[in-house]
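Here subunit A shows up in two complexes: once beside subunit B, once beside subunit C.
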Partner chain A sequence: MAETKISEYVTLVSNDGYEFKILRSAACVAGTIRKAMDPASGFKEAIESRMTFENLNGLVLEQVCLYLYYHQKHAEARDVPDPDVPQELLLELLMAAEYLQV
Partner chain B sequence: MIAGRGRQRIKPPRRGLHGGTDIDFEDTWGTIASAFREIHTKNASRLSYEELYRHAYKIVLKKKGDELYKRVSEFEHDWLRNEVRGSIQALFSPSLLANTQSLGGKTTNERRVAGEKFLKGLKQAWGDHQVCMSMLADVLMYMDRVYCQDQRVPSIYTAAMVLFRDDILNSPTSDDDGRVVLGLLNHVILNQIQMERDGEVIDKHLIKSCVYMLESLYDDEMEAEEQRLYTMSFEQAYLDTSRDFYRKEAEDQLRESDAGSYCRKARRRIYEEEERCKSTLLESTAPKIQKVVEDELIKSRIRELVDMDSGVRFMIDNDRLDELNLIFDLNARVDDKKAELTRALQKRIVDMGTDINDAAITASQAPAAAPASEAGDKGKAPVQEKSQNQQTVAAIKWVEDVLQLKDKFDTIWKVSFDEDQPLQTALTRSFADFINSTTFPRSSEYISLFIDENMKKGIKGKTETEVDLVLDKAIILLRYIQDKDLFERYYKKHLCRRLLMNKSISNDVEKHMISKMKIELGNNFTTKLESMFKDMTISEELTAGFKKHVAGLGEKDPKRIELAISVLTSMTWPLETMGSGDEEESKRQQCNFPPAIDRIKRGFEKFYNEKHSGRKLTWLAHMGSADLKATFPKVPQKDGTFKERRHDLNVPTYSMVILLLFNEVPAGTRLTFEEIQAETNIPHNDLVRNLQSLAVAPKTRILVKEPMTKDVKATDRFSFNEGFQGKTIKIKVGLVAAGNKVENDRERRETEKKNDDSRAFCIEAAVVRIMKQRKELSHQQLVIETLNQLVAQFKPEVPMIKKRIESLIEREYLERIEDTKVDSYRYLA
Partner chain C sequence: MAAERSKKRKRDQEEAIAKIKKGKEAKKKASKKKKRGSGDDSGSDYDLVEDMYKKAKKLPGQLENCELCDKRFTVTPYSKAGPEGGLLCTPCGKEIAKEAKANQKTAKPIVRKGRRKIESNRLDGLTQRGVRSLRQICINQLAKHAEDIEEFGEMPETMIDRLSEIFSKRRAMNSTTLKLFLQSDLDKLAIHEAAYLETEDFDQIFAVIPNIKKLVLRNCCQFKDKNIEYMIEKAKKLEEIELRGANLVSNDKWTELFIARGHDLKSFKVEWLDAAFDDQAVEALTTFCPNLERLKLERCKLLGVDTLDAVSRLEKLEHLSLRFSKDVPRDRLVLMVDQIGPNLRTLCLEHFVNNTFEESEEMGEYSDDAILETIHDTCVKLRKLRFTENYECSDQAYVNLFTSWSNPPLRYIDVNSTRDVDNASPEGPEDFPIGLASDGFQALMKHSGSQLQYLDISSCRHISKETFADIFNGEKQYPHLQEINLSFCPVVDTEVVAGIFRSCPQIKKVVTFACFQVEDVVVPRGIVLIGAPKAQDAIEQFGETVFDFQKELKKEMERDMAIATGRVVPLMA
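This part shows the complex of A and B:
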């Protein structure tokens, strides 16, 4: 359906209006984003390559994006250093991870 | 590329992830349900995945997963029942429904169109369902992950597929009809396939997608591999109808067409079914349908097929190599041993072989019938000679025919049978069968004759490789021969003639042949043949030695006669077979040589006895030959010239003796047959033959016979032919019937008798060897072991072995062991 429109980047939008443009391949590490962006299903997100998260704020989403890149970067490496995550966001990140199925 | 890189120092207010915490289930479900409806009507692009996902996520978080699951199932159930089923039922055209009951009525085209429409609709519905359900499943991912896994219920996608099965495929085709859509689907697919078999073009892709649908659905909830709907409902029906179809087709085809086209068709069908499984059905069906087709088209028909008028026999006769290859291929599919094909082949070989045998027998017997019975009668000699020539021709023809047959089947084997090993064994066995057939005892002799002929004439002007080829052929045939001792006997006889008469074209080739036989049959077989060659070499040395010796004596004799001699070991040379074979002549009287010859003969005897004492020389004049310089006096010629003519005559020794006789008497004297015989003491038969060649044969008529008839009688008178005129200076006087001929019946009986005698010795030797080793042995075992020992040479008959054992007991080599259950013997040292 949207085969031709597949762009290399997708835009992730937080509930407070921050937009993160990240590589599609990195974004698709998250199950929820992958499904939403699946061109075969043809949801609004897939057509627009843009996904808005009503329950994630900019801070959390930034961390999520960092992690997605971090994951992609170290996909094949061993003995990777743990990502540096701000303590105060841990709980929220945990819930985001569950939600996004990372 | 992360937007908003500038670090946000301000901490956002902490809110839970789920904004307005308390959500109303019914409201949320309403949103979701309407969104699902949109999805089902393909309007998904207006929906936000994130929103739907969030709703479902929240519901699950609120521990309402089971409720949601139930609702979704019900929703799908309703959707399929109300929307999809209606649209499927709309596709049932009356003709399609009618089809299930009877095939007749509608044209194939109508049926095909209706069927395709139905399949298309079903495929569409299935496809839509799949797409929608995967979208739904995406939306409900969180539910699947959390609820379904925890509760161990099938994922919503699987559940929806099951619903499709129940609500669509297992729904009745119409309200008042007991049949279900699934049955109809099977029927339509089978119908389509049948159409394709009948040569129509069908939408394979369409069927394939329907088949995929059946494959991905299961008969029950267990989802076991063998419970696929495809395997359960469709495959069996497919195999059954195919079986019926092919059974009928096989019958029709066998009735209507020949074996070759049947094979082609069968092969095409097999291939088609394979293709069909790839393109239309599932590959997992391939082996099964393959078996069905093979069973119906080949296994149960192969016998009929092979035996058809146009079957294997026809193919062999007409060199239908490709068709044979087809048959081979088909037969190999169903039977590793290819029993039917083998059977037909063997029968054909034996038949053809027997034909060749019969032809050889008729060719050799038809003209020979008369002289064979009274071979001793000299009056029949020329006829006999002719018939013997014919026999030789028949023999050579037999060998060539057999070789041709062998070539033919070799080609067939190579080209058509993929050089299949068991088949080769079968072919070999069949060849051996007819070559050793009891109704045709001459094969050994014929093969030896064939080699003889080639040694004398055949290989002239051929390159080494060609000669090799001929020899190899002979060896091939030799391999089939069972009674190798008989062959040896004949070969020795023929070789003996070739050597003594210098008929052989090349000694190298002879030796080559022997070494080939050595490889094939072993050392034992060729020792005697080799020693014959050795004798020849020694003889050459002797001749040279004697010449030197004579020269050393200083006798300057102008009339000196050169002597070339062959000293033969009587054990190794089949001398007795060289004579004409008369029983009463077995004690051959010595002929009277003219004095000049006699002197040199005695000289050689003396010379030889000096070298080797204690050896007795027997002169075999009937095997020798002599070169004479003959001077014919001046007599008026046809062209009116008076000229003295000189000829170099090469004549048999006896002829030389006869001619020298005329040297002694005044010109023009006539000698009667009896006088000549009395004077020379040449055996009657030899004399007849020599006189025939001297006086009757037109090219070498050195003597004149009165009366001028073809036969030689005791009262005939002979005189020197002064008017003899030869075309060439050198004239060879051939001895009538001197060539190697097929034996006549009497000779054969004799050869066989001799053969039996020598076999008797072989058997006795074998028995003694065995008993010496075993000391005691039962009769049965002894016979078996004897057979085993002798298998390389010949196949002795059991009664013969028994006789030999008895004779050994008489001569106290063995004794019977008393008081044993089975007959047993003990070796007496």
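This part shows the complex of A and C:
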């Protein structure tokens, strides 16, 4: 199993069962996901291209995915305005961001 | 009489205006006629024929069929022209006007919000591309809604620090928001802007966090004697204290604090004290706290010579920053460095100018350059050196300092504003340069170039262009240099800046205020050049072009970028 086929999409699963299929390149903006999905690591996550987050609920994970795509879309641009973040999720999202290293 | 005159003047004015208006109209008509005439001249015969068959435009008062709805209506001066050139009835005209207005609105350029903010970030040297990190975004948003938050909950300490920084920057740190930061399990607290906090709030800190080890309070204007008392009573584990602007604390209380913390105190920093904190307080500090490793005494008005003597007794000192308001004799400064130099890792001596001699005859053996000589002879562990605003030490002294110095290469050097100050000869004495000049700079780069990360040589005006060109010639490499400040070095030109880009693969920020020969630089990608001298240029220029020499580094850069995204850039709001 040295050469695991690298899929274009990865699946992120929240603790309440929501699944988000997003582009691998976008997901790897987050340091934690990048390390877990590194094909060289041989982690279960990397082999299955699927990662479950026991500490994130669907709402927060959705916001994270939105951000990951937003980040990828504007990677080269300068003076990008901050994306809108729902106020009530700010603290949870901050914790998630710290955990995911984004 | 006067009223009559003013009336007359008014009348004259009106007449003049009327005349001008008339003149304008006449001109317009003339030009119109001319246009039509010229059009006829150049147009083909066919056009002419067509013109002849065209119906004349109806004049106001005449009847006409509306171009759009074909209704018959009376033409007025306000009738609008239709899309084909005909006239429109009033309802159709209104409709068309409405549409035109709506179109105009959407075509308006979108004014970007927060332009000032963006410019300010740029001047801070934040060259980040793309979107900011999610952490950063959340923290900024949180600070915006500071008043609505009830508690942070389980927040990692690094996040608390960042939040505190941004709250401070927004001046949102007050009695209410401070409570968010007081969590009993913390062991350090840094409030960078405590001006809105009251005396009671400071007591709260020690009541809630009795195990606090490190305390940083800047602009803590209301920090009083009784806070010190309470701190002594409650916070028994304090090791690092930084208080800026605590002017309501008396000398006796400072001394009491030193006695109470005694051997435990590792780091002590004060700045901007002018009402109290005199030499005796420092004396007490050095007597009762012999384990001090870090000491910063800056802009404390009452400190003088005795402080130097007291500091020289701190044998364990590793980091020292001094900036005095009073003049101190040079020999005492030399003696101090001589005493504690061997252990020092950081030495910052700012604004030690015009050092007068106490007994000038006896101390004749100390030349202007004595301080640099002493640093050369005694310091062997320095990583950071700041020696600024001095106009006495000669270039030769800097050469001697950096030549065969047993100290390993430095990481951080700031020697800004070391130059001769003489209005009569701005170039300074040519045979005997004062301040860091060409030779000194050569020696500096030779000694520390391999490890140097930060270099500030602004206002070192006697460095020649040849020296710059030689040091940054593209072949000599300074692998770690990230930031350089060349402001007010008049010889620096485009070539030198281009040389820096080539010689320093890691460079992130180049500051060139008042370098008037820096023009039209093509800034490589990932680098920011600050201080374009022309008003019409943007002050900062961001690199877009990818140079050949950068292509090799591209892989490396990408890796760096990956690291950078995981990092929180200090103070960005």
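The rule we apply is simple: the second predicted complex is superposed on the first by the 98 of 102 C-alpha atoms of A that agree within 3 Å, B and C clash if a C-alpha of one lies under 4 Å from a C-alpha of the other, contacts with A are read in each partner's own complex, and residues count from 1 in each chain.
We adopt the following convention: a residue touches a chain if its C-beta (ideal position, glycine included) is under 8 Å from a C-beta of that chain, and two chains touch if they have at least 3 such contacts.
Keep in mind that this is a model prediction, so the values were computed, not measured.
*Asks:* Sticking to the clash and touch definitions up top, decide whether subunit B and subunit C on subunit A clash or fit.
*Replies:* fit
*Asks:* Pick one for A:M95: touches subunit B only (first), subunit C only (second), both, or neither.
*Replies:* In the superposition, A:M95 contacts both subunit B and subunit C.
*Asks:* Given the touch rule stated above, what does A:G31 touch, subunit B (first), subunit C (second), both, or neither?
*Replies:* It touches subunit B and subunit C both.
*Asks:* Which holds for A:P83: it touches subunit B only (first), subunit C only (second), both, or neither?
*Replies:* It touches subunit C, and subunit B stays clear.
*Asks:* Between subunit B (first) and subunit C (second), which, if any, makes contact with A:A46: first, second, both or neither?
*Replies:* A:A46 sits against subunit B, while subunit C stays out of touch.
*Asks:* Counting touched residues of subunit A, say whether subunit B or subunit C comes out ahead.
*Replies:* In the superposed model, B touches more residues of subunit A.
*Asks:* After superposition on the shared chain, which partner residues are touched by A:H74: those of subunit B (first), subunit C (second), both, or neither?
*Replies:* After superposing on A, A:H74 lies in contact with subunit C but is clear of subunit B.
*Asks:* Which partner chains sit in contact with A:V64 here, subunit B, subunit C, both or neither? Use first/second/both/neither.
*Replies:* Second partner only, subunit C.
*Asks:* Based on the superposed arrangement, let me know which partner A:E54 touches: subunit B (first), subunit C (second), both, or neither?
*Replies:* Once the two structures are laid over each other on A, A:E54 reaches subunit B alone.
*Asks:* If you've got the overlay open, could you tell me the nearest Cα approach between subunit B and subunit C in whole angstrom?
*Replies:* Nearest C-alpha pair, subunit B versus subunit C: 7 Å apart.
*Asks:* What residues on subunit A does subunit C touch that subunit B touches too?
*Replies:* After superposing on chain A, subunit A residues 31, 95-96, 101 contact both subunit B and subunit C.
*Asks:* Which of the residues in subunit A come into contact with subunit B in the complex?
*Replies:* 9, 16, 18-23, 31-32, 35-36, 38, 40-47, 51-59, 62, 65-66, 69, 88, 92, 95-96, 99, 101
*Asks:* Enumerate the contact residues on subunit C facing subunit A in the complex.
*Replies:* Residues 112-114, 118, 129-135, 137-142, 145, 148-149, 152-156, 158-159, 542, 562, 565-566.
*Asks:* Which bits of subunit A are touching subunit C when the two form their complex?
*Replies:* The touching residues are 29, 31, 34, 64, 67, 70-71, 74-83, 85, 87, 90-91, 93-98, 100-102.
*Asks:* Hey, which residues of subunit B end up touching subunit A in the complex?
*Replies:* That would be residues 1-4, 8, 11-12, 14-15, 17-19, 44-51, 53-54, 57, 131, 134-135, 138-139, 141-142, 145 of subunit B.
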